[in-house]
Amino acid sequence: MTDAHNNPNYAIGELMVSAIARQMGTHDHDWAAVGAYSQLPMASMKLARMLYAPNLWWLAGGGGAINSTSKLVQSTSDHRVMRGAEYMMNMEDIVDIEMWRFNRGRENVVGVVGGIQIDRRGSCNMVAVGDYENPTVRGVGTVGLAFGVSFTLVYFFTMHHNKQVFVEEVDFVSAAGHTERRAEHVPPACIGAQKVFTPLGVFDFAPDSDKTKTMRVVSLHPGVTLEEVRDKTGFDLIIPDHIGQTDEPSEQELTLIRDVIDPDGILKTLRISR
Amino acid sequence: MTDAHNNPNYAIGELMVSAIARQMGTHDHDWAAVGAYSQLPMASMKLARMLYAPNLWWLAGGGGAINSTSKLVQSTSDHRVMRGAEYMMNMEDIVDIEMWRFNRGRENVVGVVGGIQIDRRGSCNMVAVGDYENPTVRGVGTVGLAFGVSFTLVYFFTMHHNKQVFVEEVDFVSAAGHTERRAEHVPPACIGAQKVFTPLGVFDFAPDSDKTKTMRVVSLHPGVTLEEVRDKTGFDLIIPDHIGQTDEPSEQELTLIRDVIDPDGILKTLRISR
Amino acid sequence: MDPIFLNGKKRQSKLGTLEDAAAMIKDGTQLAFGGLHSHNGPMALIRQIIRQGTKDLHLIANVSAGMPADILIGAECVDTVTVCYIGMEHLGFAPRFRKAAEEKKIRIIDGDEIYYVLGLKAGAVGMPFVPYPPGHEARDNPIYEKTYKRTIDPYTGKEIIVSPAIRPDVAILHVPRADIYGNVVHLGSVVADDLLAKASTHTIVTCDEIVTNDSIRADPHRTTIPGHYIDMVVHVPYGAHPLSCHGIYNHDEDHIKSYVKADITTYLDEYVYGVKGHFEYLEKFGIEHLMGLREQV
Amino acid sequence: MDPIFLNGKKRQSKLGTLEDAAAMIKDGTQLAFGGLHSHNGPMALIRQIIRQGTKDLHLIANVSAGMPADILIGAECVDTVTVCYIGMEHLGFAPRFRKAAEEKKIRIIDGDEIYYVLGLKAGAVGMPFVPYPPGHEARDNPIYEKTYKRTIDPYTGKEIIVSPAIRPDVAILHVPRADIYGNVVHLGSVVADDLLAKASTHTIVTCDEIVTNDSIRADPHRTTIPGHYIDMVVHVPYGAHPLSCHGIYNHDEDHIKSYVKADITTYLDEYVYGVKGHFEYLEKFGIEHLMGLREQV
């Protein structure tokens, strides 16, 4: 078994891009949004449109470019991202989608976003670690994460997998996971957190009561053990009978990533850690 | 005394354009909106910018052109109006101004609009003559006249001056004049109906109580008598001690109107009647 | 410039026919249409909607509606109409709307530009209603029209007027240009076409010209509606006639005048029921006449 | 193409200097700024605001604010900040914001993109507040942040969340192009710059390039903000540096990295207080470096 983190054939970021792109293959004809600091999902969207979901519509964050075909740059709001885009959204356009697409019932609206703190229920915190009035870490703010109660599905990706990121319960709910509060208030057409892509594996959410769900292991990346995942996660994951191994990126995927999507090699510079 | 309606030197429409343009001279640096079916005020705006108010910003109706420099056409929403414009508003842009500019306190926001029925207090009706549920005439609808409670000032122009247009009290208040209801509800920064330009003369509104105003004669067009105005108005006008004669259009104004603003002679085809 | 599509997958065209589009509009549909006055109305599609015998529409007339609303009402397709303005601009009243209203054959919701535009904005963004600033109590729409309500502004404690969010079932637009994926380029006024696409569950565009996706990507700032809002694109040259298509041809003022004066049954027999499709309709006018409308002197 | 102005009257230019512009921002002003992340921030004007010693600002940070918010907080100009996001994107936390927040030296209003964008929309159009659809009860912003309120949706009878209209005293924007009358052309992202101009009592634009009014009139569809919203235009080449000006130059990532790591007092002494004006600031970087930022490979 190869260790994705030390594999001579591909970088861990390339494996994650492949995994997210294949997931996007289930969203042909859907609409997906990527936030800032999102080189991994940006590359995934480009790869998905080439191979798995040619009818996917996607937004590169606050910069507003729809269906960008530019090469990868650091920032989703860099003006180079607008090259070859089909439309430039302003913030009103973005919030129009952020707020109520769950009511339209035509296509799924999907977010692929990072999180500073993610808990067992898939709630996400961007505001404060510790007491809200006296935080030990003041976070950046809730940004666009309100879409957690309006988008059809939310996928998380993280650049690190440790107990600082994956906590029992977030201190501030920027995006609502599969909590009782969600069950009480959020329209069911808005399904919420669907999967989490980390440097160690892929996870989803399974019911642990009538109204709530807990994060569950789906597959581990090559070379990763279940023990390591448990050690680095701040809560008890649901462990299913069968745990797969995340598929490695194909030659075709790697060629497209390196030659077309990311010729400057930005993915290889990302500080992704276990 | 010449009769403007039979004056060999200019058409009555040209006189009205001149009068409205000179009025706009008091609105340099202000913002003015013109509705549909508005050839007279469109020509006036163009003339005003050349002669009296070079810093006036104006909107040609729902078509959205700001500061158009095209020649006069029939419709404010004709695409030919966008030639030489500085910006193209969509309806959201227009309603943004329509609804609350009275709160900004920077410049006056002015509407120059027609009316199917206008009453002594300057209320205007575009919806229904007679009982609302069983109208004798169903009008076109309130359109943008809600700005009567948000714009700083409203100027009316009419193509006819008769008792069908000028009534004691409108049957439906599309735009609120100087009524007790206005005094009770509308912020004072929104002053409301300011003047009325008709084929017979120019009128303003003078207080007739603590809270209300009534239409008052300012000037009569050349050849028009006070008796004729009274006969053709469905309520008692306030008659001041001094009534002026509306200034005739100057040679410079007529040259600009005929050679630059309206080379196709649309103003001369308007069916303006006393 | 669109990426290479591999694995045998292809991006799918949204092209359809006028018949396909009209079939999306069922009896009872809440139907909105774009443009304003004699400009940019989806007239060819409206004629097809009449031709297929659609009934009981709740028509959400555009901000200044003329012939599109009048002909649908005249053809007895309409049960309810949300009105800002229905008239013929400098050509006077819209005769079939006026008649149907005075004879109480249609139900009227008396809105205005705020009711319509901010209602659509609320519909687009998911706000449940539109709260009004003080002042609108002084006019009659919020008094007579029963879909306005009242609630409390919790920042002042005062009662305020509100109007409902508007979420049409289907919006139909005629635009100058679109690509086969639904990306739209207006050459003249956008009016509320962009907002209609956002607020409506389904949106159909008919267009005068189909352009390449490359031309869209060459200047994304000129795209006025992104294709993800568009369900179907129908290529219909002169699809707005006798209205204008901004940037391509002027409105046919003489024909609109003759429509206003015509007996509506005779008019529909000749121009709607009496022709099999859009090009047969255009043949009634001839190429010289239609090309003449492009003169923008 | 602008009409001939006769009678000796002339259309007045709105051009001013950075000093004129900064003087419009008094102590205690509710100040909003445009752009997002490391893009299109009015940095030269912000440096002048710091240089003039402005205090007690209520900063309404843009939808994803980085250095513009961080440096104003670091220079102790800010009393209160409305936050969607303040951070340095892939470069981590915004250190002076984080420190001031953790030490409780600033008051924070914890909004998000909806609170900010629809708050500005309400401010622009005069709606007294923003009504929310169901669902937002499940997250914490409307619980912890006390400027959210509740009211009744009269169409359902149910209690809903609302947030306030936002009406900044002054908005400051850096844009690629403007004419002397304030008409703005963005070459890249508009973000919420257009909305800020509508919602704010006063708006100042700094721009990299002054263009002729003729070029504005040649293509009015490309105008992104009409000049009637703009109080003053300041011509400031590289006025966004070290941020990007979309369509003209990239952000100066190395300098922004060094800003994040720097001692803030030393940084301000060198780049703000230690230079007399904007061109002296630019001289610190040199022409070769600045021209290099224009490379858009």
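As written, the chain order gives the labels A, B, C and D, with residue 1 at the start of each chain.
Here is the rule we go by: contacts are C-beta pairs under 8 Å (C-beta built on N, C-alpha and C of every residue); 3 or more make two chains touch, one makes a residue touch a chain.
Computed from a predicted model, the values in this text were never measured in an experiment.
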Pick out whichever of the two, A-C or B-C, is joined by more C-beta pairs in contact.
B-C
So what's the Cα centroid distance for chain B and chain C, whole Å?
29
For the pair chain C and chain D, the C-alpha centroid-to-centroid distance in angstrom is 37
What's the distance between the Cα centroids of chain A and chain B, rounded to whole Å?
57
Taking each chain's centre as the mean of its CA atoms, chain A sits from chain C at a distance in Å of 38
By residue number and range, which residues of chain A touch two or more other chains?
65, 82, 88, 95, 99-100, 103, 150
Name the residues of chain D that each touch 2 or more other chains.
118, 121, 125-127, 133, 221
Is the way these chains touch best called a line, a ring, a star, complete, or other?
other
All touching chain pairs, where touch follows the definition stated at the start
A-C, A-D, B-C, B-D, C-D
Residues of chain C touching chain D in the complex:
118, 121, 125-133, 149-156, 160, 162, 164, 186, 221-222
For the complex, which residues does chain D have touching chain B?
1-7, 9-12, 124-127, 167, 181, 183, 198, 201-202, 213, 216-217, 220-221, 223, 225-228, 231
Quick check: in the complex, which residue numbers of chain A touch chain C?
28-29, 31, 46, 49-55, 57, 65-66, 69, 82, 84-89, 93, 95-96, 99-100, 103-107, 150, 252, 256, 260
For the complex, give me every residue of chain B touching chain C.
36-37, 39, 62-65, 74-75, 77-80, 82, 88, 90-92, 94-95, 98-100, 103, 126-127, 132, 134-138, 140-146, 148-150, 172-176, 179, 181-182, 184-187, 190
Chain D contacts chain A in the complex at 36-39, 63-64, 83-87, 89-90, 93-94, 97-98, 101-102, 104, 110-114, 117-118, 121, 133-141, 144, 187-192, 194-195, 244, 246-247, 250-251, 253, 296
